[in-house]
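In the two assemblies presented below, subunit A is common to both, partnered first by subunit B and then by subunit C.
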Partner chain A sequence: MNETAMQAFWFFGIFISLLFIIGVYCILATFNLLRALIGVEVLIKGATLLIILAGYLTGNTALAQAFVITLIVIEVVVMVVAGGVILWVFRHNGAIDARKLTDLKG
Partner chain B sequence: MMIDLILLICLVLAAFWAVVAARMLKAVVGLALTSVIVSILMFRMNSPLAAVFELSVCAGLIPVIFITTISFTKRLSWEAYLERKKEIFSRFWYLPVILVITVVLLSRYKIAADFILPQAPAVTDVRHVLWNLRQSDLFGQIIILLIGAFGVVTLFKVKQPKDKPK
Partner chain C sequence: MLSLFILLPFFCLIAVNLPVKGARRLAFWLTASLFVLQILAVLLHPSVFWGMKEDLFANFFAINFSVNNLSLVIFLTIGIVGLVSLIIGKYTLANRPDRFHFTNLLLTALIGMNALALLTDLFSMYVFIEVTALSSFILIAVQREKTALEGAFKYLIISTIASALMLSSVALILLVSGSTSFDVVSAALKASSGSVFVKLAVALFLCGPFIKSGLVPFHGWLPDAYSAAPSAVSVLLAGIITKVSGVYVLMKLVMSVFGFTPVIRDILMFAGALSIVFGALAAIGQKDFKRMLAYSSISQVGYIIIGLGCGTKLAIAGAALHFFNHAVFKSLLFTNAAVMEQKLGTVDMDKMGGLTSRMPFTGMTSLIAFLSTAGIPPLSGFWSKLLIVVALWTSGMHGYAAIALLASVLTLAYFLSMQRRVFFGKLRPGLEAVQEAGTGLVITQVALALVILGVGLGFPFMLKTLAPLKNILW
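After this line comes the complex of A and B, so read on.
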């Protein structure tokens, strides 16, 4: 990569790393399962932006877009299944608090 | 470029709002806003197909999934809302501090905000990449979509009582 591309990478990289920090902190700090899912979503946003940025700076936008489309499809399925699991937890425990998940078998 | 800087700052603010909002519906709105800004950045980086996907799916479908899940849970009382606000403040006040420290540490590299993004080479056809180079991925995606559909049917199903009154 040339000098300008490196500069652009670092410039976007700062904000992408902030997104990663927000997502990881949210997952670590909260006991609310839905909020943790939002943290995962923010992490995925950072990853998406990083893939697109890498594709743009290296000239492989088509490949980056193909990767991102795959990522988005998997992201939706993860969110749907996780949303269903959270709903199931709510029906069984009356709350979506991870601290109340104390009666798991096994 | 300046507009990129503004968009990136808005992106981080929207993501921050999404994780600290006390009401979950507001958090979901923050998440949708994050997706919209990411898709604008994608458009600016010559990736229109991924941007349209991001806009329609991540800013459209995923908030609907979240809102559906939230609508099945119970509403917070005012006291519980105030309690949650306090809890979020006590847990998340470190986050802005960490973000500022990160920016300060990473800004030690010589980064100019007024650069011009390099022009990418001519865009190759994304359809060619998807259909000709990544068929096995598409097969995997179809299986994952079927898993998602199965998950929706299984997990969102409302249990019927076994003994129905006759």
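After this line comes the complex of A and C, so read on.
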């Protein structure tokens, strides 16, 4: 990579690492299952941005676009499955609080 | 026609969901025959099927498939464990719709795992890891029980974090090499091995398979997911899903992309040794039969990883053999757990005792499986552990070899305590009415026990005849 590409990388890198930090903090800090899911989502958004950046800097924009579109589809499926699990947790517990998920220990 | 490994399950999935009368009833037999076909295709290895190089599907989509000897072991393991899981599902899942969903998800997971064994591209691997993982989340919660949902959610969150890490690593690799296919990436990584990006990318990518295969210190989700899932799904998770999407991905990447650098070898060996010891120690204190098996899985996966980390040809052969062996004996033990869950309604070991007199087949097959896990000759587990320990010793890792040997004693300890509490001794009052499982489950147990005995006794002979084993070693 040349000098300008490096500069662009670090410029966007700050935002990407910010997204990662927000995502991890969100997962760790909350007891609400849906919020934890949003944290995961933010984390994946950081990764998506990194792929776009990599494609842009190396001139592989077509490849990066194909990856990102595939990624978005997968992400939606993950969210649907997670949403279904959370819905059933709510039906069993009447709450989506991680502190009430204490059946499995040891 | 390697793409048949992906296309056949796909068409099977479509066929059983066609709005035609009777399509649902065919689902079990169609899927079972698919698994049998896969097992046969591997066992008859140098046959016409493997010689057909023309692959219209792969050519059309410009995908590179490649098969090496390791993939053959993976295909064989997937076939056997999938078939066992399907049979257990048929006998233990009570609801007919649940059974149908189970079969569908099993086929989806099969597509994902077969593809993982074939692909040679980082991003495609990520896609199929997700396909496998997604079907396993739903499989865990397929009966929508409270505990199962909790296990599924923990697995989902942790596994998604692992995918995000892998994805960032793929992006960094794309930045360095401009491509994601194995050949290009491996060359680019070698050319710029000192760069910060490469180190970060390798470290991030290693985290993914470590989390997925439940190695210590990333094992938090594994006992919950294994013990909360229905037994048919536990078989699948312990036998292939975590191993293919975690351990096998790790093997493939280290062997053909990252290479055996000293740092990677140290990390692998250390994580392996830690998992072996921690898993065995944690298993000793368990009351829940399936939870104990889950911790035992962590310990046994540690053996595979330590063998991979050693990196010599013998060690990798041992790791591949242990991959297969562990899948077989852990499937047998989870089948035993399924029988107990069905007949006793519980898997709490404190509520059992002297069950061999009531369930002779279950008791005896479980004995064979645990002796094989502990590495007692002449059962199959002995040979794979022997290969790993010998390889570690000859490459100068005496400390790790000692850990691997001594942990076998720990394995023996927890399984002996389990056998004494569950199967041996006097029958516990209140269990007089317990009966042996139905014919289907008994046949499955005996067949798996025969595989363990057969591989163990016939190992020296099989080295020269059975294609997957022969090709890996020689």
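Everything that follows uses one rule, which is that the second predicted complex is superposed on the first by the 102 of 106 C-alpha atoms of A that agree within 3 Å, B and C clash if a C-alpha of one lies under 4 Å from a C-alpha of the other, contacts with A are read in each partner's own complex, and residues count from 1 in each chain.
In the analysis below, a residue touches a chain if its C-beta (ideal position, glycine included) is under 8 Å from a C-beta of that chain, and two chains touch if they have at least 3 such contacts.
Nothing here was measured: the structure is a model prediction, and the numbers come from that model.
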Exercise for the section: May I ask you to decide whether A:34 touches subunit B, subunit C, both, or neither, giving the answer as first, second, both or neither? Expected result: first
Exercise for the section: Mind telling me which of the two, subunit B or subunit C, contacts the most residues of subunit A? Expected result: B
Exercise for the section: Would you sort A:88 into first (subunit B), second (subunit C), both or neither based on which partner it touches? Expected result: both
Exercise for the section: Return first, second, both or neither, reflecting whether A:53 touches subunit B, subunit C, both chains, or no partner chain. Expected result: both
Problem - Which superposed partner A:70 touches (first subunit B, second subunit C, both, neither) - result: both
Completion exercise
The shared contact residues of subunit A with subunit B and subunit C are 23, 37, 48, 53, 55, 57, 59, 63-64, 70, 74, 77, 81, 84-86, 88
Completion exercise
Given the complex, residues on subunit C that touch subunit A span 123, 127, 130, 134, 137-138, 141, 144, 146-147, 149-154, 156-157, 160-161, 163-164, 167-168, 170-172, 174-175, 178-180, 223-224, 227-228, 285-288, 291
Fill in the blank from the handout: Counting only contacts in the complex, subunit A reaches subunit B at residues 2, 4-5, 7-8, 10-15, 17-19, 21-23, 25-26, 29-30, 32, 34-35, 37-39, 41-42, 45, 48-49, 52-53, 55-57, 59, 61-66, 68-70, 72-77, 79-81, 83-88, 90, 94, 96
Practice task
Would you tell me which residues of subunit B are touching subunit A in their complex?
Solution key: 4-5, 8-9, 11-12, 15-16, 18-19, 24, 27-28, 31, 34-35, 38, 41-42, 45-47, 49-50, 53-54, 57-58, 61-62, 65-66, 68-70, 72-74, 91-92, 94-95, 98-99, 102-103, 106-107, 109, 111-113, 115-118, 120-121, 123-126, 128-130, 133-134, 137, 141, 144-145, 147-148, 151-152, 154-156
Problem - Residue ranges of subunit A in contact with subunit C within the complex - result: 1, 9, 20, 23, 27, 33, 36-37, 40, 43-44, 46-48, 50-51, 53-55, 57-60, 63-64, 67, 70-71, 74, 77-78, 81-82, 84-86, 88-89, 92-93, 101, 103-104, 106
